[in-house]
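The next block holds one structure in the form of C-alpha cells; read it before the comments.
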Amino acid sequence: MTGTNAIELKSITKTFGSVVANKDVSLSVRKGEILSLLGENGSGKTTLMNMLSGIYYPDSGEIYINGEKVDIRSPKDSFDLGIGMIHQHFKLVDLFTAAENIVLGMKGKTKVDMKAVVEKINGLCEKYGFELDPYKKIYNMSVSEKQTVEIIKTLYRGANILILDEPTAVLTPQETRTLFKILKKMREDGKAIIIITHKLMEVLELSDRVSVLRKGEYVGTVNTNEATELSLTEMMVGEKVTLDIERPEPVDVNPRIIIKDVSCSDKNGIKVLDNINLTVNSGEILGIAGIAGSGQKELLEIVAGLQSVDSGSVTYCPPDSDKCQELIGKSPLQIRNLGVALSFVPEDRLGMGLVGSMGMTGNMMLRSYRSGTKFFTDRKSPKKLSEDIVKQLGVVTPDISTPVRRLSGGNVQKVLIGREIAASPTVLMTAYAVRGLDINTSYTIYHLLNEQKKKGVAVVYVGEDLDVLLALCDKIMVLCSGRISGIVDARSATKEQLGLMMTKHSEETEVGDNDK
Amino acid sequence: MTNNSVHSKSSHLKEPLIRVARREGTSKLAAFFIKLLAIVLSCVVCLGVIYILTGSTPDKVASAMGGELFGFGTRQMNNIMNAYSSSPLEGFFRGLLSSKPFWRTIRDAMIMLCVAIALTPAFKMRFWNTGGEGQILMGGLATATVMIFCADKLSPALLIIVMLLASIAAGLVWGLIPAIFKAKWNTNETLFTLMMNYIAIQLVLFFNIIWDTTGGAGYIGMINKETHAGWFPTDIAGGFLGTENYIIHLLTVIVLTVLVYIYLGYTKHGYEISVVGESENTARYAGISIKRVIIRTMCISGAICGLAGFLLVAGSTHTIAKDTSDNRGFTAIIVAWLSKFNPFMMIFYSFLIVFLSNGSKEIATRCGLNEAASDVLTGIVLFFIIASDFFINYRLVFRHKTAKEEK
Amino acid sequence: MEFIISILKAMFTPVFFSKAVSQGMPLLFGATGEIITEKAGHLNLGIPGIMYMGGIGGITGAFIYEMSVENPVGAVGVIIAVLSALLFSVVGGLIYSVLTISLHANQNVTGLALTTFGVGLGNFLGGSLSKLANSPGQINVKLTGDAFRTTLPFLKDLTSKGGFVGGFAQMFLSYGFLTYVAIIVALLAAYFLNKTRYGLALRAIGESPATADAAGINVTRYKYFATCIGAGIAGLGGLYYVMEYFGGTWQNNGFGDRGWLAIALVIFALWKPVRAIWGSIVFGGLYILFASVTLSTAMTEILNMLPYLVTLIVLIVSSFRKKREYQPPQSLGLSYFREDR
C-alpha cells in the first residue's frame, strides 16, 4: 500500500496570540492510505487540518501536495488542489435538496442540468457504496445522511484528498460501520484520507498509520499493525505532569444528588446518555472526564432542568432535611423556587450564561432580578456583588458597567463563576470552567472550587485536562459515548487508565470485530 | 482565544485593500459627534440641493425655518418683542411661548416621540413592530367613536377618560394580535404588523363613510365642532402660553417617556425584555417565559401607540381620517432605531424629524418648490444618519504591509 | 346568497378580468422585484418608494423628450421612458444596497427611509414638472402614454365579435406590451431562481449566507445585483401604472398604497413568482371589485380590506403548517458579516 505522498507537511507552526496551537508538526499521507490523526481535545488536530482546507495559514512550515510545494490561502485554493474537508458542523442549505447542495457554487453552464448532476451523484454512490436520494431535502435528513452529502460534495468536486473531522462523533454504530466500508473503498480507489479522531478502536480498525498530536506538538507516527490501544493511549496522554493543586480532604460527605437510570436522546433520536447512575456527594469534587460530546453537557443540563430525559430520575436531597425531591419535570425556575440551589456554568458562556451587551451588574441580576420589591428590580445588591467579585477574583474590567462581551475570556469566566458561587449553592456544577484561561486564572478557579468543597458544597467539575482532573477531584466518573465506563478514585487512578476508559467500551469492540 | 483566531485568520488570508472590522466600545461622545457630523453633512447637501433647484441661499432657508417652526418674524411675535424691548430676553421667551408655530412644533414632536416611545419596548425585545401606523389609527378611531357617541352622555372629564381608555384598549388589541401569533407560532411579525396597518386604514375609511358628515365626500369632518366636547383645551395657562398651546401633549408625553424609561431600565419586566432581546437561550436559562414577555410587551407597545392616536384625535385633528397618522408609525421606527433606545436621543430625533418635515415644507413653499420636497430632504438626512451608524459600529482596516511581507 | 351570486356574476366577465389584470400588473412587477430581493435575504420596505421613483422616472424622461423634440415619436418616447424608469429605480435600489449591504444598516429602517424619499421624489418632480407644463398637480405625456397603450391592430374586430373569441381577446389580448413584459419577467424570474446556477446561489444566500460564502459564492456581489435588479423590476411597476394604466398622466400620490400591496403579494405568493402572476390578478380583482358590485360605498372599503386580510391569512396558515418551503427566506432581514461567523 505504498505510493507517492499525497500530502506532506513539514514543520508547521501556528500560533494564536500567545497560544501555540501547532508546533513544528510534520506528517505525510500517501495515496491510497488512511491516516488517523489522534489526540485529545485541544491537541491541535483541527487547527492543523484547517491549514490544509485554507481556513488558516501557517506561521511557518511548508505544505507539499503530490510532491509540489503549495500555498493554500483560501478554501478555494484548497478545492483547486483537490482537497476536501468534511467539518464537524455541516455547511448545507436546509431547504435545498442534496443535489442542489452538491452543485452549489460550482462553475458551469447557466442552466443547471439537474439530471446530469443526479446521474453523476448516483454514479459516485454506486462506486463507493453510498446510499443517498439526491432529491431529498436536507431538513428531512438524518445526521449521517447530511454527512454523506458533505462527502459526496467533495468527491463531486474531484477531491483526491479527504479530511474528515471526527466523522463518527455523530453516528450510530451501524452508520459508523457503513462509513468505514465506504472509506475503505475510497482507499482502494487511490484517495488519500485523513480522519481526525480520538476513538482508539476506530483508529486500529480503519487506518494504515496513526499520527499523534499532544498539546499542539507532534508526538510521532506509527504503523497501525504495530500499535496497541495501550501504546496509543500512552502517546496520546503522555507522562503524568505533577500539578500543584491543593486537595483538601472531603468533609461531611452525604448524598446530595442521586441520578438513577437516566437516558436521553438528541433531536435526531440518537442516544446521548444511556442508563446513567450516579451519586453526587456534598463536600466532594466529582470530576467528569470524557471525550467532548460524550454526554457531559446533557447530564449537567438534565440536573439543571434545561434538558428533558427519556427515562430515569434525578433526586435532590437538601442538606438540612431528609425530604428528597424529584427534579425531573421541573423547569429551571421551579427547581430554584423549591429551594434547590443549583449553580450551573454552561459551556457556552456568552451564549447562555451571560448577556453579552450588559455590564456585570446586569449579569448578576440574571439570577437575582426576581428578588426585591414587587415591580422594580433591585440594582444595589447586584452592584455590590459585582464590586465584590471584581475585588475577590481580580476581574480586570474598565468598569462594572462595561459590557461583559468586551472582557477577555478569563474575566468572563470569573464573572460567571463568581455569580454562581455568590448564590451560595449546595450543588455547584461547572463545565470546562478553565477552557481558554491562562494558568494563573485557572488556579484561581481551582481555588474557588476547593473553597466551595470545604463549605460542604457538592461540586461537579467537567474537565478536559486529565492531569487537572487527577489533581483536583476526589472521584472521577468517565463517560464514553453516553455511558459510564467507570468511576475511579482520583487519588489512586492513573492517566492511562482514564485515557483507556474514555476511548473504549464494550460495544465499540464489537463494531471492530464485525468488520474485520 | 476566539478573538485571536479571527484576527490571525484574517491577517493571513489574501487580504483585500480595505477590510471591515467590528468596532467595540465607541464612546458615547464619539458616537454623538459622528452622528452630528452626519447631520451637518446632510444639511449641507440639502442646502446645496435647494440652492441648485431654486437659487435660495442658506440665510433665506434659515429664516423660513425659523418662521415656520418657532414663529420668528411673525407679526404677533414682533409685537410682543417690541413690548418688552427693555428686556429683550424676556421678550424673546414670551414671544416664543405665545407663538402658535412654536407650539405646533412642540405638538408634532411630542406625538412623534410618543410613537417612538411606544415602539421602543418592542424593538428592545427584537420584535419588529412595523404596525405602529395601524395601532395609532385604531386608537384614534376608538377616540373618535367615543367622541361621537358619548359626547352628550358623559361629563367632559369623564368623556376624556373614556376616550383615553378606549384608545389604549384599541391600540393594545391591534398590538396583541400579531404578538399572540408570534409567541405561539412564530409568525413573522414584521410582515404581520405591516398588514395590520392596512386593515386599520380600511376600517377607518369604512367608518368615515358610515359617519360621513359632509354629505358624501367620505369624511367625518371635525367632531363636535360646536360643543368642542372631548377636545383638549388649548388655552391652559391663558395668555402666558398663548391661545393655542399644547401643554397637555407636552406633559403627557414627557411623563410617558420618563415612565417607559423607568420601566425599561429599572423594573423586572424591563430587565426581562432586555434579556429576551439579547438571547432567547439566555432567557430560557434564567427561567424567563419568552411567550409571556412577547405578549406583554406588545400590549404595552400597542397601548401607547393607541394613546398617540388619542392625542392626535382629541388634541390635534379632532377627526379621524386615513391620513391622521401621517406615516408616523413608520417614521417613529426610524426615530426609535436611530436613538438606540436612549430617551434623550429620542427627544432629539423627534424634534429633528419634525424640524425637517415641517421646516422643509415651509422652505419648499417659500423657495418655490412644492411641498413634497420636504420628504426628499428628510430622506436625504435620514440616509446620512443611517450611514453614520456604520462608522460607529465598524472600522475600516487598510491592508498592512506585513501581509505583503509574508509572501 | 343572492349577494354573493351577484358578486360572482360581476366577476366572471371578460371585461372584469381585463380590468383586474391591468390593476394587477403594477403589483406583479413590484412583487417580482421584491421576491428577487428577498431571496437574497433583503426585506426591502423601500419598494413602495422605488415604484414611485420608477413611475416619475418614466414620466420625466418622456416629458423631457416630448418637450424638447419638435415631432416626438411615440415609440422613442416608450424607449426613453423605460430607460429612465429603470435608471431612477435602480438608483433607489443602489442607495438601499450601499446602506444595507456595505454599511450593514438595518434593513427595515433603511427601507422605510427610502420609501419616504422615493414617494417624496415622485411627488416633488411631479409637482415641479406640472408647474413647467402649467397644469397644476398633474402632467400628461399623452403621446408616450398612448404608445404604451398600443394594442394589437385588429383587437377591436375581435372583441366586437363577442362570444368566445371576443371574450378571449378581451381577456388576453387587450393590453399594451408592458402587461406581457410583466408576465414574461415573472416567468423569467421563476426560471432564473429555480433552474439556473445563479438562481440557486441567490437562494442559498437568502437561506444561509455563511454556507453560500463557504461554497465560494461572492455574497456581496449577488446581494447588490439582486437588490438593484429587483428595484429595476419594481420600478417598471410604477411605470406601468402611470403609462399603461393612466395613459401617461402623473398625479401626486396617485399610485397610493399599491407598493405595500406588492409586498403583501410576495407573502401571498409564498415567494414564488409564478404564483405572483395569478395572485396579482386576484389582488387586482379584489381591488376593483367594488366597481362591479352594487354595494354601499362603506362596504367597498371593507371589500378593499380583502387583499390584506387574505395575505394575513396566508401568512398565518403558512406559519401553522410550518412547511419549510412556505417560510420566508431564513436570513431575511439579517445583515451578513463574515467575521461574525
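We call the chains A, B and C, going by the order they appear; numbering starts again at 1 in every chain.
By definition in this document, a residue touches a chain if its C-beta (ideal position, glycine included) is under 8 Å from a C-beta of that chain, and two chains touch if they have at least 3 such contacts.
Remember, predicted model here, so these are calculated numbers, not experimental data.
J.: Comparing centres built from CA atoms, which chain ends up most distant from subunit B?
T.: Most remote chain from subunit B, centroid-wise, comes out as A.
J.: Quick one: name the chains whose C-beta contact count is the highest of any pair.
T.: Contact tally peaks for the chain pair B-C.
J.: Could you please state the distance in Å, as a whole number, between where the Cα atoms of subunit A are centred and where those of subunit C are centred?
T.: Here subunit A and subunit C have centroids separated by 50 Å.
J.: In whole angstrom, what separates the CA-based centres of subunit A and subunit B?
T.: About 48 Å, centre to centre.
J.: Round to the nearest whole Å and give the separation of the Cα centres of subunit B and subunit C.
T.: It comes to 29 Å between the two C-alpha centres.
J.: Using the touch rule from the top, collect the residues of subunit A that touch subunit C in their complex.
T.: Within the complex, subunit A contacts subunit C at residues 75-76, 79, 91-96, 100, 103-112, 137, 139.
J.: Which positions of subunit A touch subunit B when the two form their complex?
T.: Listed in rising order, the residues are 15-17, 19, 55-57, 73-74, 306, 331-333, 336, 346, 348, 351-358, 362, 365-367, 369-370, 372, 375-377, 379, 402-403, 405-406, 409, 436.
J.: Per the contact definition, I'd like the list of subunit B residues that touch subunit A in the complex.
T.: 1-2, 4-5, 7-9, 12-14, 24-25, 266-272, 274-275, 278-279, 281-282, 284-287
J.: Under the touch definition given earlier, write down the residues of subunit C that touch subunit A in their complex.
T.: 195-198, 200-201, 203-204, 207-208, 210-212, 214-217, 324-325, 330
J.: Which residues of subunit B touch subunit C once you look at their complex with the stated criterion?
T.: For this pair, the touching residues of subunit B are 6, 10, 20-22, 128, 130, 181, 185-188, 190-192, 194-199, 201-203, 205-206, 208-210, 218, 327, 330-331, 333-334, 337-338, 369-380, 382-383, 386-387, 389-390, 393-394.
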